[in-house]
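Please go over the structures that come below.
Two complexes come next, and they have one chain in common, subunit A, joined by subunit B in the first and subunit C in the second.
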Partner chain A sequence: MIRAIAGVTFRALAGRRRTLLVTLLCSLPVLVALLVRASGRATDLDTVTATVVDRLVISTLVPLVALVFGTSALGSELDDGTAVYLLAKPIARWRIVVAKVVVAAGLAVIVTVPAAFASAALLGSGSTWLPHALGYAAGTAIAASLYVMVFLALSLVTSRALAIGLVYVLVWEGILAGLFAGTRTFSIRQYALGVAQAIGGPATTNGPERLEGMTAIALAVAVFAIALVIAIRRLQSFEVGEAD
Partner chain B sequence: MTGSIYDLGYRRYDGPRLGRRHAVVALFRHSLRSVFGIGRSGRAKILPFICIGLPTLIAAILVAVRALAGRAGFENVQLVPGHDGIYPVIAVFPTLFVAAQAPELLGRDQRYRTLTLYFSRALHRPDYAIGKLLALSVGVGVILILPHLVTTIGTILLTADTVKGITKELGLLPAVVGSTVVIAVVTSAIALAVASLTSRRAYATAAIFGVLIIPDIVATVVIGLDLGGVSQWVVLFDIGALIDGANAWFFGVITTNQAAFGSGVPAGILTLAALVVGAAATGFLVVRYQRIAA
Partner chain C sequence: MTDSAIPGWGTTGAGPARPARPLDPTAAVELQDVSRWYGNVVAVNDISFVLTPGITGLLGPNGAGKSTLLHMIAGLLRPSAGQVVIRGAPAWRDPAIYRRIGLVPEREAVYPFLTGRQFALLNARLQALPEPEIAADRAIARVELTDAADRPIGTYSKGMRQRAKIAGALVHDPPILLLDEPFNGMDPRQRLQMMEMLREMAAAGRTILFSSHILEEVERLAQNVLVIVAGRLAASGDFRAIRKLMTDRPHTFTIRSSDDRRLAAGLVGTAAVYGVELTDGRLSVRTSDFGAFTRALAGVARDARLTLFEVRPTDEDLESVFGYLVQR
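Up next is the complex of A and B:
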């Protein structure tokens, strides 16, 4: 049964036209990296890497993809009212949440991680390119699954998950994180960058100092667990037939 | 006697018919209310009011910084963003606003098939598109104008000679109004054009967010390479740079957008390009609603 739920979710999220669009979008950083390499004119590769991988992939593409997958994995069924058919089945609610998270997060990771790895690898130089690329890939994977989890939980807490998710991404991560160093403890992007740096070694940083690798992972796991628990609790107390 | 059973007393409507103009105005007013979440639940008001409140707050903080810096004897209080520099500081809020509200304006009517009802009335199809565009533009305009208003009040109060302060602010009025109108209409037109393509809110929001933000990052990298020749013109695809360029052109200052600045393309051309993109998006929206199934 879980397989069936996962399968249905997969098909709902990965429509043909949508997958094509997302793939095109995620090939953008790779194309930019190729252009940078081919031109051979980049004077400061570290800054370019930070712009392409951090600003384009981790700060923009990942939240964007996660926002779509995370809020629509369960949210669109709740909106349509078809969630009732799913929830009326004798399946533990936590299993439903887990199945949805696994599929949505898996998809988000599959589309974004190759983009991060490839663009970081293309922009890397000397002997450090591999750890750098691996670091960014790991960071992207963490960010993607964490964003999906948080947005999915959000979509169960409020019907305005999309708007609140956008505010979080643009205002909190976009503006405040650049101004207040303390916000890094509560920023998914900073977890990703912390992990990337722990694996790939220091890169030039613009903005607050990175989190320690272990701290970043611990925080990421904690946030994931909290969001998962909230999502499960919300779905467990969701009453079928309740007018929304 | 048979008539008495079947005659339910139906009558033709013979009151005044208010016509097309009234229909457009009604649609505009209704859309404007829903843009701000007025008449909707409290939750629907959160985002619009964040988008109005925070930029105004930021403007107030900037005025306060200018006042304190002036009193502490700092000479360069001009470094604190005034009318010309406020847009780059608050640019994220109009983006957020249109990404969340444009799908709200169009998506429901597509999803719940209410377009049929609209188009069976005096309202023409282009009227619908234009009415929605005006409503969203006014919404963005409010977000943009309030910080200017705060700055104006602050500047007048900070100037010892009140008459001089008012004259100075009046001189900036055309630039303030011009930049606000252009930025509001262009941003709204692009957002609505994208939102008209899908009735699913999540995808529309993500797409608007992507269209308004991603080109700027790509253009910044490409222009940073300084490849020369035609490569600088990639800035024309960067909507963020075009809008920032338009803002800079109206106030006669240098653009703060990295891509726009690096490309060396004059602000006048960026403004023109912004207008062309806005007009193209409006045209697309109108054509889309001309053809949309209803």
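Up next is the complex of A and C:
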């Protein structure tokens, strides 16, 4: 049953145009990394790595990709009415949510993690390239799954999930989290960077001090669980057919 | 979206307290004092009925609350007051009811990338049927979609898409079938086919409820009818009785003939006619008995050797028919 839902979700999400767009987006940081290496002018590679992977991958690419997959996995079906074919079935609603999250988060991880790993590996040097790349890959995987979960829950709470998600990413994480250290406790991006650094990412920081690895993971797990519960509860009492 | 924090369904705190009648646990579908409002707007107002096997038509003008009612029966919308019960169990928040219900929603969107067969198969798998492939093929054959079954639904015509939706709803052979405006977008031939299919399914003992804003569709298909106007149940029961109520109401006709003045004079003496008016060269006649008037009119015209060019009911639109039923 979950497999059937996952299958149709995968086909809906991995449409030709969306896949092409996301793939192009994800190749961008890799291209930038290649250009930096080719130019040979970068002296402080750790700072460059931090800039490309932090800014481009974890802070921009991952939330955008997750926003696309997270808000459309269930949200667009609820909007166009096809969700009825899943809802009007003898299936516990939590199974529908789980199937949707697994597919959407899986897709987001599959497209973003290689981009993070590849660009970090290209920019790395000597013995540090592998731990850097692994750290960023892990941070990216956590960020992608968590963003997808939060945006999917958001799409069940409001029909303007895309706009609100964008504001969260740009305003809260982009501006406020850089100014006030306190906001990092409520920033998916900061969890990801905390994990990345704990595993082996470069210690260079831009913005507030990194969260400690275990704290970051604990916070990420807690936020994921809360978003999951909210999503399931919303879907259990979701009402269809209000517009008569 | 309404606040989901309000727990469940029920009559508590909504409307005047009423002694709850015992529900009939054997009824396929039962509604008891069901209302639904959105903010201050009442979409469905205090409706009660029991659905029995056979075809029931849910008739009403657009925006009368038909979809809201169907969605409440389908467990997809929480009644603001009252209860909707499927075989003794409340419909809201109970996915188990979908083993008994097949739902054909009005909205057209179906996964466009799936073929008809894949869509039926998806429904069969979601129903956890033991042999989903066989059930899907059977449903596809049932709606006569076999030839197009392996084409993506995105390429289907409106009528084919409708049949694909019905195949999806039939795949688990449900005893209750709910269809929201099923004939929309179908050509006359497809409409006949579909009616025939629904009749066969009703004959096999299923409980079928379909909504329509077209009187003629309901007339041709449903033994029982629920007329809903502005959220209220305006009439319910045997279709012929309601049709008689509708036809025996006062009618006004506009008539053009070779000599309106002589026709008017002839009609004044007729029993079925209680008002004749000739203004601006247009003859309008009021009658209370549709059948008797149409017969009398032909006789008067023949006796006076007149030619009738046009006989047009002036208030025959559905709104006025419904309006009349509500006033009664």
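Basically, the second predicted complex is superposed on the first by the 236 of 244 C-alpha atoms of A that agree within 3 Å, B and C clash if a C-alpha of one lies under 4 Å from a C-alpha of the other, contacts with A are read in each partner's own complex, and residues count from 1 in each chain.
Just so it is clear, contacts are C-beta pairs under 8 Å (C-beta built on N, C-alpha and C of every residue); 3 or more make two chains touch, one makes a residue touch a chain.
Computed from a prediction, not measured in an experiment: that's the story for all the values here.
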Which of subunit B and subunit C A:G174 touches, first, second, both or neither: first
Subunit B versus subunit C as contact partner of A:G81, first or second or both or neither: second
Contacts of A:T51 with subunit B and subunit C, given as first, second, both or neither: first
Subunit B versus subunit C as contact partner of A:E239, first or second or both or neither: second
Which of subunit B and subunit C A:I91 touches, first, second, both or neither: second
Partner chain in contact with A:T60 - subunit B first, subunit C second, else both or neither: first
Which of subunit B and subunit C A:R160 touches, first, second, both or neither: first
Which of subunit B and subunit C A:V68 touches, first, second, both or neither: first
Touching both subunit B and subunit C, residues of subunit A: 158-159
In the complex, subunit B residues that touch subunit A: 43-44, 46-47, 50, 54, 92, 95-96, 99-100, 200-203, 205-206, 209-210, 213-214, 217-218, 220-222, 224-227
In the complex, subunit A residues that touch subunit C: 1, 3-5, 7-8, 11-12, 15, 80-82, 84-93, 158-159, 233-234, 236-242, 244
Residue ranges of subunit C in contact with subunit A within the complex: 1-2, 4, 38, 43, 63, 65-68, 70-71, 74-78, 93, 95-99, 101, 103, 105, 107-111, 113-114, 122-123, 125-128, 168
Subunit A to subunit B touching residues, read off their complex: 18, 25, 28, 32, 35-36, 39, 41-42, 48, 51-52, 55-56, 60-61, 64-65, 67-68, 71-72, 75-76, 158-160, 162-164, 166-167, 170-171, 174-175
